[in-house]
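These are the structures, in structure tokens.
Below are two complexes that have chain A in common, paired first with chain B and then with chain C.
Right, the complex of A and B next:
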């Protein structure tokens, strides 16, 4: 057992890490291939694919749609989730459990099912498919994450903290803006980052709720149907790097705040 | 090192008690957490609400702060009825058991918060922070965050934050509960010192009777939502009004007795089949018991003599030795009386060497307190 955990387990671990990352590196490398076809080995290298996709109107427009949907859905999700987390935080006992279950359950539904349900629901409300529909759809799926992330932080808040501020002369608004929200800031920041990425990378809901202008993942899928080319690898790599950078920054930011405070 | 802290003029406070509670009741459903409490606290006094958990002392404190709305009765602070005043407009500050410091603010920002809410000028706030940090002997921690301080330091910062807006009274809800024993003792002395230095009225809540005894000018012993007795620590220790108070404050022997004759000068008791006269002045309960009533004789362990001269008027109890504990210079004896009553006594070490298995305990009638046997309301 000891020898197993000494060498075999680490090997197992690193093998899996390679399995996780190798496809990504292959994809990134393909973007530099000076040929229209995906194949190894790469004989001639070029940056032409990377340059061309950054000038591609269709791709830029899809990125812009995705970005808008991400921003709108995040704003909606936070606007809904923040007050919800306050309500749950001050509830005790069985009702609290029920509330959390009611919030979290939708996150476990098959995405396709919930996407269709949302489409039908929004359709009945008279909302056309498009950015608005996508934004609401994404917001609905993001709310559980917002509430859970904020709740974790709220649970760590001393019950007396708001009372202490009130005792020192702060009315409810001041308590909210000077005490509660700043205290929640790290969790709020994390929730916002999570919502943005969740919306940006979503395919299924965007596919069902989108109009004639595709979001970025939907456009990639549409392009894939006409076959791979190194341009797809290039734009995927760019998006991968951008979102990884954002994720790492968010992670670092949250961790630094926790340490400092 | 610390300059005298400037306080509001005392002229107003001299005319009124700092805090006055009139027939205060706080009900949760059918349960009265605070049950008809009236209390008057003079300005500049350190008063402690002492009682077991669930006796209503914290609810009482939270009512004064405005976090609990009284069912009936009124709260007057510095001559002003604040019963229906919102919490953030009340001239009292609270120190919480978990300190409740704002973790996202520096120590200085924490201390400044109350002054800021009062709309004080920045210059005045800065000066006040400096004073407060000096008062708690932590002049250099202003720029740190609470998480970077030790528990004892956080406790002091919480105190400074509460004192900074110059409240009429400071309410302290078991503020030393989270500290270890050594730090606790140190903070007890320091709290008392700061109270004297600032001249503020402190209302301190604790369940630790030793803490209450060592710090307070007045102790209000609470039980089941009521104040059982209020007085100076020594008064309460020597002259407990009820068996509950006697048992809660310090160690006490309780010996059951029956009143045979209730005279104006002397009370004749029947204890363990023998008659024993006690001065009527040693009845520490508010009402004189009638003949035939059951009473408790309260005897402090240090008043139980294991040997030595026997006075004419002494109560003599025969007891069997069960256990002995060395307390340095003295020895604590756990004994069992003939009727099964557990007794404790203290003896000097030399005396202890000669103690037999069965001993005679003596107690002078001037050293006891007579309280009603039934201590229920």
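Right, the complex of A and C next:
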């Protein structure tokens, strides 16, 4: 066991790391290929693809749609998830169990099904597909995670703090802004980052709820079904670096605040 | 903000409203609870309830003036059409195998990260494998297309090495799909496993080893039983993820191996009144998938191990 865990486990781990990262490096390299076609090996290199995709109207507009949907859905998810976590934190017994079950329900449905159910529902209300529908759909899938993240932190909060503030004359809103929200801040930050990234990378909901203006993953999907060129590799690489950097920054930030306490 | 709130208290109606609410906790609670309860009703339950209702209707949307006819025909159509049934069974078989494969691949990695890796490097190593978590399913599929295509990285490397038979047909089959799906599911398995394994007290393993338990026995009698929650959690997440996969099977999988999620998407995008049929299929998928996962959780949890004390 010692020998096994001493050599086999690290080898397995690093093989897995190679499996995770090799395709990403291959994709980044393909973006530098000086040809209209996707193929290996790469003999001639160019930065033209990386430059041209950043000036491509269609791609920029898709990224903008994705960004808007991410922002709107995050605002909705936090606005709903925050009071929701307060309510769950104060509820006990069977009712609490039922509430949590109803809240996390969207996380357990196959994504295709929930996307289509929302689409039919909005269609019946006479709402068009588009950014609003996408944001609503993304918010639905984000709320369970917001509530769980905030609830974990709320459970660690002592009631004494709020009571002390009230005894000193603070009203409920002051307690909320001076005591509760600062205490929740790390979890809130984590939840916001999570929502932004979850929305930005989503494909299925954006695909079924989107109108004629695609989000970035939907545009990429459409282009991939049509054919490949190194430009797609270039823009995918740029997007992947941006979202990974944001994710790692969030992770580090949260860890710091936890340690700093 | 605080200063604003404090000075707002100078304003009589505001102060009396806030103070009234403070004296009536039930009313305050009801006001706060209205938003989340309304959201659950509108966002989580209503679309699903409507889908259930549509699945039992003969036609939907109805032309104006026609009465609603209730029927079970759409559910019957599922069982009567071998094509749909085959996709359904293929989906469950594939999701089960993909879940087991993910578990087998990720368990040693979670164990390594939580128990074996040098303590001061654990967080950094964990972050290393979590880093690709935020990459879209589509981008990941594309990266694997570039690896496995006829003129992709793998075939090009095989060609340079002079392997006979290159280029191999690596893409658009169940193997390429499995490779891509593992790429998507691995972290959903890793995090619950890591959380469970991290809690296991290392001295238990040392004690067992000291008493002469073989490595295999320690794994079987201590590590696996104590990581049960992580295994059930990870497998549940991964299974539900795979059963709902829509895009990756179309980008990486074979053209003849349609999975059920794609069938549902196809039924809905077809012209004509296919909403009821698609809704019935969705209900069958949700019902069977949740029952399957629930059964797995019950079976796997019920045999309580003798708690090592």
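Of note:
We adopt the following convention: the second predicted complex is superposed on the first by the 261 of 261 C-alpha atoms of A that agree within 3 Å, B and C clash if a C-alpha of one lies under 4 Å from a C-alpha of the other, contacts with A are read in each partner's own complex, and residues count from 1 in each chain.
What we mean here is this: a residue touches a chain if its C-beta (ideal position, glycine included) is under 8 Å from a C-beta of that chain, and two chains touch if they have at least 3 such contacts.
Quick caveat, the model's predicted, so the values are computed rather than measured.
After superposition onto chain A, the modelled positions of chain B and chain C are compatible, with room for both. In the superposed model, A:174 lies in contact with both chain B and chain C. Taking the C-alpha centre of chain A as the vertex, the lines to the centres of chain B and chain C open to an angle of 90 degrees, rounded to the nearest 10.
After superposition on the shared chain, chain A has more residues touched by C, the comparison being chain B against chain C.
By the touch criterion defined above, A:102 lies against chain C but remains apart from chain B after alignment on the C-alpha atoms of chain A. Applying the stated contact rule after C-alpha superposition, one finds that A:183 touches chain B and leaves chain C untouched.
By the touch criterion stated above, A:130 is placed in contact with neither chain B nor chain C.
With both structures placed on the common chain, the touch criterion links A:17 to chain C but leaves chain B unconnected. Of the two partner chains placed around the shared chain by superposition, chain C is the only one that A:121 touches, whereas chain B remains out of contact.
Note on the superposed arrangement: chain B and chain C approach each other to a least C-alpha distance of 7 Å. In the superposition on chain A, the residues of chain A contacting both chain B and chain C are 166, 171, 174, 178. Chain A makes touch with chain C in their complex at residues 1, 4-6, 8-10, 12-13, 16-17, 19-24, 26-27, 30, 38-41, 79-80, 83-84, 86-87, 90, 99, 102-103, 105-106, 108-114, 116-118, 120-121, 124, 136, 139-140, 143, 166, 171-174, 177-178, 197, 200-204, 207-208, 216-217, 220-221, 224-225, 228, 232-233, 236, 239-240, 243-244, 246-248, 251, 255. Partner chain B is touched in their complex by these residues of chain A: 158, 160-161, 163-171, 174, 178-179, 182-183, 185, 260-261. Across the interface of their complex, chain A is touched by residues 1-2, 5-6, 9, 15, 18-19, 21-22, 28-29, 32-33, 35-37, 39-40, 43-48, 50-51, 54, 61, 105, 108-109, 111-113, 115-117, 123, 125, 127-147, 149, 151-153, 155-157, 160, 183, 186, 209, 214-215, 218, 240, 243-244, 246-247, 250-251, 261, 264-265, 268, 275, 278-279, 282, 285-286, 289-290 of chain C. Only residues 65-67, 86-90, 92-94, 96-105, 113-114, 117-118, 145, 147, 161-162, 165 of chain B touch chain A when the two sit together in their complex.
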